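Next come two complexes built around chain A: one with chain B, the other with chain C.
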Partner chain A sequence: MRMDDKRDLLDLESLSSVEIVDLLDTTRSMRQVIDRPVKKVPALRGKTVANLFYEPSTRTRLSFELAEKRLTADSINFSTSGSSVAKGETLRDTVRNIEAMGVDFVVLRHGSSGAAHFVAREVKASVINAGDGTHEHPTQGLLDVYTIREKLGKVAGLRVAIVGDIAHSRVARSNIWALTKLGAEVVVCGPTTLIPADVELMGVTVSHQVEEALEGAHVVNILRIQQERLKSNLLPSLREYALQFSVTSERLRVAHPEVLIMHPGPMNRGIEIAQEVAEDGRNVILDQVTNGVAVRMAVLYHLSGGESLLPVGLEGVA
Partner chain B sequence: MGEEGLREKAIILDAQAMRRMLTRIAHEIVERNKGTKDLVIVGIRRRGVPLARRIQTKIREFEGIEVPLGMLDITLYRDDLQTISHAPVVRTTEIPVDVDNRIIILVDDVLYTGRTVRAALDELIDFGRPRSIQLAVLIDRGHRELPIRADYVGKNVPTSSREVIAVNMEEEDGTDCVKILEMDDDEGKE
Partner chain C sequence: MNARSFQRLALWDSHDRPLELQGAEILDSGTGRMNRQDIWVVDGRIHFQKPEGTTPIVFKLDGATLFPRLIDVHVHLREPGFEEAETVATGALAAAKGGFSAICCMPNTEPPIDDAATIRYVLEQAERAGGAKVYPFACITRGRKGETLADMFELAEAGARGFSDDGSPVMNAEIMRRALEYSKMMGLPIVAHEEDTHLAGPGCVHEGAVATRVGLRGIPREAEDIMVARDIALVRLTGGRLHICHVSSKHTVELVRQAKREGLPVTAEVTPHHLVLTHERIAGYDTNFKLNPPLREESDRLALLEGLLDGTLDCIATDHAPHTAIAKQVEFDRAPMGVTGLETALSICLTDLVNPGLVPLDTVLRALGPHPAALLGESWTPIQDGAPADFTAIDLKRTWTVSTDSFVSKSANSSFLGRELAGVTLLTLVDGRVAWSDPSVVPVQQSAARVS
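Let's turn to the complex of A and B:
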C-alpha cells in the first residue's frame, strides 16, 4: 500500500509486515461487524466503488460487493461480456470513463499481470487488485494469513505447504509474500513444470514430493489445477497429477495432527484435493470465504480517508 | 498526537478524588434505576472501558451483583472519517448480551462536542432496541455541538477550546489522574 496521497492495494510484495499486521487487526474488528444483528457500519458512506471484472469470478466479486455494502459504500459492477470492451475499448479508456463518473475506488480483476499497477497510474481513485494474471491476488493472500492467524494464534514459525500449480498462481505468490514477511516457513510443491524457476528467491523451499512437503506441516494450502494447463502440455493428464500430488487423508498423516486444510476455491474434488479431505473436519475452506469479506472491508477502510493532514484522534485527550 | 505541543496547566483530579467520584456515580446509577435489573454497562474505547469496569466493580461491591460489561469502538461510526488522512485503528466492539429492552449505561471519560456519543448511540442501536440509554462521564467540559447531555457527571469543568482534558487511568497510562493541558498554538481539536 503506497502511503502517499493516493492509496492503492496492488500487491503484498511491497507491504511491510507492520502494514500487513495492521490490516489483519482491522480485519478482526470487521469480522465482528459481520456477526452483528445489523451487519452494516457507516464508515464508507458516500463513497463509490467500481468493481471491474475482466475475468470470470464468483467468490471474489461477491465478496467485494458484500464488503462494500457492509461499509455502506455504493457500488457499480462491470464485467466484460456485453460491455464496451466487447466493442474494442481499451482498459485505459474504460477506467478513465468510469472514473469520470466519480468513483473513489476501483476493484480490478484482469487476466494480465500488472493490470492493476497500470490502472493505478492512470486514475486518481484508489485501486485494489482483485487478481492480475499470474502476478498477485493480495486480498486472497491476506484472508489466508488471517485465517491461519485466527485458527492457530500466530503465523511466525509455522510450516506452511502450498501444493499445486505454483507457476500460474497469483494466490500462491500473494500467500508466499505475506507468509514469509510474517515469519512462516513456506514449502511449495508441485510438478517441475508448474514450479517457477528461482522461486527460492522468494524465501521458500521447493519439493516435488507431496509427502515430503506435508511432513510436519501446520497448514496446507491446496491450489486449483486448471484444465488449461493440459492444453499447454504442462501436465500429461489430470489423473496423472492426482496420482502424484492430490492431497489425500493418507498423505496428510505425516502432517501436524491439527493441520489446517485450505483451498482458495473453486475445488476440483478428486484432482488436487481428495473427496475425503474436502470434507475433513480440519478444513477451513468456508472460514476462508467468511474471512474474505472481512479482509476486503479492512482493505477498503484502510484505503479510505481524506487528503487533509488533521491529526488522528487525540488519544487520551478530549 | 500524544501530548506534544501541549503544556500542563493543572491537575484537577487525583486518584482518590477519581475513586470517590466513581463510587458516587455507581450509587447514582443503582438509585436512579431502582437496582441493577436489566442494566448493562458499556464503555466507549478507550478510556471509557476501564471506567465502565470500575463502575461495574463498585456495583458488585455494594449490591453483590455482576452487571454485564460491554465495550464499544465507535471508529466506524465517526462523522469525520472523510477528513482524516489515515484511517484510525478500529478495535473490536463487544456487547456480551442482547441489548433489547435493557438499560444501557454508556460510559466515557470526557464529554465535549457530543460527537463521540452520537456515534456510540448509532452503533448501540444497530445492536437492538434498548429500553433506555443513559450516559455517564467522568468530566463534562462543555462546548457541545450536538443536543446531548450526560445523566451522570463526575465533574463539570469549564474549559476554553484551546485547552485539552487528559484523563489518565492506571489500566492504560499507569496512573489515575485528570489534567488540563493547554495548546501552544491552535492545533486541531478532537
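Let's turn to the complex of A and C:
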C-alpha cells in the first residue's frame, strides 16, 4: 500500500507483513459487522466507489459491492458490456472520465497485468486491484490468509500447497506473497508447462507431483484450470490433467489430517478438484467467500484513512 | 523550452561559404591523445590550414571534441504512414542532434519500403530535411510478409543499402536462404530481426523471474538464439552477408563469436539500452522499457558488453523506435514495443560505458563509425586534412537532463527520462553542411570588409 500522496492496494508484493497483519486484524472487526443483525456501518458515508470490471466476474464484483454497501459507500458499476469500451475508448480516458465525476475509489478488474498500476498513476482516487491479468489479486490473497488464520490460528510455520495453473494465476501470486511474508512454507504444484520461469525466486518450492506437494500440508489451495490452456498446447487434455493433478481424497491422505481445502472459485468439479473433495467437510470454500466481503471492507476502510483496528461505528462490537 | 524551437535547416553550408571551427580537440588514434586543432571546411572538405582568400563563418568550439562520422544503422523514421510518431525530417534532425551524420532507416512503414517509388520518396524527404544523411533499408520480402522476395535489384538501384523485414522475422528458412543468396549479387547485407515468432508468442518481456513476478508473458532468449543459429547456418550454405539486429541474448553473442571465428560474413549490432538496462526495469509496468527484443538479465548485459569489447558485436545501433505518447499510455501488454534512441545513444554510451571505465571511448567510436560504414560499404576516414567534412563536435563535460521536452524527435518514449547524461552535441556536419548546431554555438560572421 503506498503511503505517499494517496493510498492504493495494487499488489501484496509491496506490502510489509505488518501491513498485512493490520489488514487481517481489521478484517476480523469487519467480520463481526457482517455477523450482526444490522450489517452496516457508516464508515464510508459520502464516499463513492466505482467498480470497473473489464473482465467477467461474479463473485469478486458482488463481494466488493456488498462490502461497499456495508460501509455505507455509494457505488457505481461499470462493465465492458454496457460501456464506451466498445467504442474504442482507452482505459486512460475511461478512468479519467469516471474520476471527473468525483469518485473516491476505483476498484479495477482487468485482463492486462499492471492495469491497476497504470490506472493508479493516472487518477487521484484510491485504486484497488480486483485482479489484473496474470499478475495479482490482492484481496483474494488477503481473504485466503485471513481464512487460514481464522481456522488454524496462525500462518507462520504452516505448509501450504498451491496446486494448479501457477503460471496464469493472479491468485497464486498474491497467495505466495502473503503466505511467505507471514512465514508459511509454500509449495507450488502443477505441470511443468504451467509453472512460470524462476518462480523459486519468489520463495517457494516447486513440485510436479500432487502427492509430494500435499505431503504434510496444513492447507491446500486448488486453482482453477481453464479450457484455453489447451489451445496454447500447455496441456494435452483436461482429462489428462485430472488424472495427474486433480486433488482427490486418495491423494489428500498424505496431507495433515485436518488439512484446510481451499479454492478461489468457480470450481471445475472433476477437473482440478474431485467431486468428493468439493464436498469434503474440511473444505472452507464458502468461508472464503464470506471472508471476502470482510476483507474488502477492511481494505476500503484502511484506504479511506482509517488506522485503528476499530472502524467508526464499530466501537460497540469488540 | 522545447528543443524543437531550435530547429535550423542547413543555415550554414561550406559549399556556400567556408566554415572555421576554432578550439576543438581531435583524437589522435595513433597516440590516443587529444590534440587541439582548428579546422576549416571548404566545399565539403576538411582543411587543417586556413585556405587563402576565404571569409569563413567562425564557430567557437573551445573544449569540444570532434568525433569523425557517426552512423546509426538501425532507425525507424515512421514515414510514410506513421507521421504522428516521426517523419523523415524530424528523425533526421534528431539523428544530427544525437551526433549522427548518417542513419539507416527501416522499411516497416506503411506502405512498406518494398518498391522503388517508396525508396525514392524517403530519399527525397531526407534530401529536403537537411538533417543526417539517410540510407534506406528495403524489405527482404514483398509487404514484409515473409512470402516472396522483393525486387532487390530495382530497390538497390533506387538506393537501398541493405534488406530487412525488421519487426517481422523471415520465418521460412527457404525464403531466408534465397534472400541471402540473391542479395549477394548486389553485395548488400540481409539485416535480420532474429525472433522465432512461435516461441516468442504474445510475449512482451524477457522470460524470467521478473516476468513471473509481474505476471507478463515472457519471450525466452532462445527465440533469438534459434533464428540466429539458423541464419548463421544459411550463411554457411549461401555465402550471403548477414547483419544481425539488436542482439539481446548471451547465447547469441557466443553464436556470432563462433561464426566470426569460422570466417563467415556475419556482423551484429547491440543497442545502448541492452548494454545498460536489464529486465528489472519492467517491474513498474513503464511502457518505456518495453522493447523488442526485451531487456534481459544482468548475465546477458555483461555478455553483450564483452561482445562489444572483443569486437563480436560490431555496431552500436539505437533501434530508434518512436511511438506517440497516446500509443504508449496504455496497458503494458497492449503497448507497442520500442523506445527512442537517436538523441540519447551517444550520451548514454559516454555516461554509462565510457566514463565509468567499462568500455574505452575508442571502442564506442569504432562501433558507431568505421564498423557501420563497413557494413554499408561506405568510406570512413578519420578527421584529417582533405577528408570529407562529416563529423560531430561534442562537449563531453556538459551535462543535460533527459525530459519529454528535450527531444527534436516527434516522440519522447525514452527509457532514460529523468537521467542526467554527459555529452552535448554542439555541431554535426554532413558533407560540409551544418545539420545540427546547439543553441549555445553562435557563429561569428566575420565582415568581408575587415578580412579583405
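Here is the rule we use: the second predicted complex is superposed on the first by the 305 of 318 C-alpha atoms of A that agree within 3 Å, B and C clash if a C-alpha of one lies under 4 Å from a C-alpha of the other, contacts with A are read in each partner's own complex, and residues count from 1 in each chain.
One rule holds for everything that comes next: a contact is a pair of C-beta atoms (placed from the backbone, for glycine too) under 8 Å apart; a residue touches a chain by one contact, two chains touch by 3 or more.
All of these numbers come straight from a predicted model, not from anything done at the bench.
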| item | value |
| --- | --- |
| Which of chain B and chain C A:304 touches, first, second, both or neither | first |
| Touched partner set for A:226, first chain B, second chain C, both or neither | neither |
| Touching partner for A:80 - first (chain B), second (chain C), both, neither | neither |
| Touching partner for A:30 - first (chain B), second (chain C), both, neither | first |
| Partner chain in contact with A:248 - chain B first, chain C second, else both or neither | neither |
| Which of chain B and chain C A:42 touches, first, second, both or neither | first |
| Which partner, chain B or chain C, touches more chain A residues | B |
| Residues of chain A contacting chain B in one complex and chain C in the other | none |
| Contact set on chain A toward chain C in their complex | 13, 90-92, 110, 112-115, 117-118, 132-136, 170, 173, 196-199, 201-202, 232 |
| Contacting residues of chain B [partner chain A, same complex] | 1-3, 6, 46-47, 73, 75-78, 80-94, 109-110, 112, 116, 122-123, 126-128, 141, 164-168, 172-173, 181, 187-190 |
| Touch list for chain C against partner chain A, complex | 201, 207-209, 211-218, 220, 284-285, 326, 329-334 |
| Residues of chain A that touch chain B when the two form their complex | 3, 22, 25-26, 28-30, 32-33, 36-38, 40-43, 46, 71, 298, 301-318 |
